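Reading through the structure tokens given below for one structure.
Lettered A, B and C in written order, each chain numbered from 1.
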Amino acid sequence: MTSTLETRGQREADATVPELTIRVRGLWKYFGHVPALRGLDLELEKGRFLTVFGPNGAGKTTLIKVLSTQIGPSEGEVMVGGIDVVRDAHHLRRRIGVISHNTYLYPNLTGLENLRFYGRMYGVSHLDDRAARLLEEVGLLGRMDDRAGTYSRGMQQRLSIARALLHEPDIMFLDEPYTGLDQHASRMLRDVLETLHTGERTILLTTHNIDQGLEMCDEVAIQVRGRMVYREPITSIDRSAFEQTYFEHVGKDYRWDS
Amino acid sequence: MSQEQVLEPAEAGGRAAAPPTTAVGVADIPAGGGRSRLLDILAIATVIAILIDLYGALLWAPTEAVMGDVQRIFYFHMPSAWLALGPGFTVVFVCSIMYLVTKDLKYDRIAAASAEIGVMFTTITLVTGPLWARPIWGAYWTWDPRLTTTLVLWFIYVAYLMLRSSSAAGHKRARLSAVFGIVGWVDVPIVFMSIRWWRTIHPLLISGQGMSLDPSMELVLFYSLAAFTLLYVYLLLVRVRQEDMRARIDELRQQILSR
Amino acid sequence: MGFLSQSWAIARKDIIGELRTRETVVSMLLFGFLVILVFNFGIEPGLREENLVKPGVLWAAFIFAGILGLNRSFAAEKENDCLQGLLLCPVDRSVIYLGKFLGNFIFTVLMGLIVFLFFSVLYNVDIVRDILPLGLIVVLAAVGFSAVGTLFSALSVGIKTRDVILSILLFPVMVPVVLAAAKSSGVVLDGRPLGEAGLWLGLMLVYDVIFLTVSLMTFDYVVEE
């Protein structure tokens, strides 16, 4: 952890450049011989909320997996929170929280047991208090002694949010978190995400749903065929114009395919 | 790309240990892809060596007094067994470790080629052994430690090839098969010891020092060993070259597709 | 949070999950019983009394039943992509290996002892008298079996035909353990002192140490992507 703080300190000493939480240069990721990411570049300042839009197969999930140390890059430089994802994955893992459409929950353990288990793996102190507070925040205190497998999809996703927040990460990755949620559950997820966006926490969310993606973010990017093709702050974006832009980029891709 | 590096030379230096610039690490393969002179010479040498070996083993070597002509199988059986147990599977082990250390798929291809050839030689051993054993011992198979170990070995390396064939090419397959290649090789001596203790009484035909062979028989045997080793080296090089080409083709195809 | 306590947390969650569903252990036991039953029909009644045959039946049942547990071990982590959640945790990969190993080891020993009990009833063996030496053999065999088995379970989990591949990979590598376990339990069932099986117990111990080490060293490469 000390080394991390040092890097941060050096960065702040530079002063001219704002602190970058995510800095990706020329990132390639191959599966076999097939590239999922093709020389992707990305920068995100500390405390910002970026939504990455993209069609299926654009490599959004791959990008999040590389950023969160789940898979290694084939080529390129990937720094997250001032840490190289290849060289020091272990330290980076303490600082990131991942919420994906997969919940990472053990269906045969209760909600509380799931949190306790992950809390132990992260070495969270005062684990029981922390778990109880999180369960209350996501509205699952009443069901905490039921098996996670008996939860509805929305409840599981909320428990998954609590799981991801256990160790108070300052960097969050959200990979299509709305997948499979009904309107009510989406609404709840949105409310929880809103509380996460404090300005201290850096958040990257991927989605292909324009309405949900535009709701809370500071910046917007479009990823197509393993590259970032568009990047604007939310303030300069008009919803219907953006939709037009998005479909233009995606449409180019589909034309290329055929 | 170069522009960025000029802007931040320190960063470029820091990435000296970056992964290779090609996804499959085949940059070193000659793009021409034509015939290789070395392989041609090796092919001719191997053919000549094997022809001489056939002559020596089948005609020149004297007929064994007790076993008769059946003994001549031995000139093929022994070299095959040696190649499979010795270089064949050891190359798999060494290249598996080398791959895990360097992440260079070249080693994965050598390991795969060597395992294939190793399985082939093990199969020859397992077929020629019983052919010889039937008239001499009166049974195709005995649970002799060498024989049984060879059989277990055959299963281990067939499993290795099965593992390879059931996953898609790439680094993931290379990693998984390398791990199995290491575990399998470490297992072989333990298998041998356990089977030796299990069958404490076994017909020792060639004990350590008692190779009571006629000098001319010995000569043929050692020559045969050399000829088979040459064959192994040639087959390995051809197979690795094939796989290198395949990797290069895949890469070129990808380059075209992702343009 | 120490290395061991985190490993234990992983094993513990596997055990809690298993206590709730009893999916794995019950199917392992049932399968073990069935192997003994099927062997029983295949063996001449006179031979059944032979101490040469009994250990073979016993350890065939052990291996076949054990592999069911290994099949489940990492497949269970695929549900909800839990394995990814586990790999995201800031723990050394060897902690994960050790945790899964511990869980598999406990299930295997439990299964082994119950299958032995079932076997002793069917084959009229007084197992209670020899429970300590037999228990030692089961533990030694289960360590080797779970050490290699946990590694291979992780190795085969991403493959479509993982059940078949796991068996094909595991059986030949397990030959020394099966031999040593069958031989040493034969000594015990004969009523001879355990010391006579010293060589075999030593072999299993060496196997256990070697493959725990090799597995700990290579597990990283199996789960990393």
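To be clear about the criterion, a contact is a pair of C-beta atoms (placed from the backbone, for glycine too) under 8 Å apart; a residue touches a chain by one contact, two chains touch by 3 or more.
No experiment lies behind these values; they were computed from the predicted model shown.
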Innermost chain by mean C-alpha position: C
Most distant chain from chain B, judged by the mean position of its C-alpha atoms: A
Winner on C-beta contact pairs when A-B is weighed against A-C: A-C
Whole-Å separation of chain centres (CA-atom averages), chain B against chain C: 32
Distance between the centres, which are taken as Cα means, of chain B and chain A, whole angstrom: 46
Between chain C and chain A, distance of the C-alpha-averaged centres to the nearest whole Å: 39
In chain C, residues with contacts to at least two other chains: 224-225
Touching two or more other chains - residue numbers and ranges from chain A: none
Numbers and ranges of chain B residues touching at least 2 other chains: none
Chain A-touching residues of chain C, taken from the complex the two chains share: 1, 5-6, 9-10, 13, 16-17, 20-21, 79-82, 84-92, 224-225
Interfacial residue positions of chain A with respect to chain B in the complex: 25-26, 28, 30-35, 38, 73-77
Sites on chain B touched by chain C in the complex: 100, 152, 155-156, 158-159, 162-163, 166-167, 172, 175-176, 178-180, 182-184, 186-187, 190-191, 193-195, 197-198
Residues of chain A that touch chain C when the two form their complex: 65, 68-72, 90-91, 93-94, 96, 98, 100, 102-109, 113, 117-118, 120-123, 147, 156, 163
Chain B - residues contacting chain A, complex: 1, 4, 11, 15, 18-21, 23-24, 168-170, 250-251, 253-254, 258
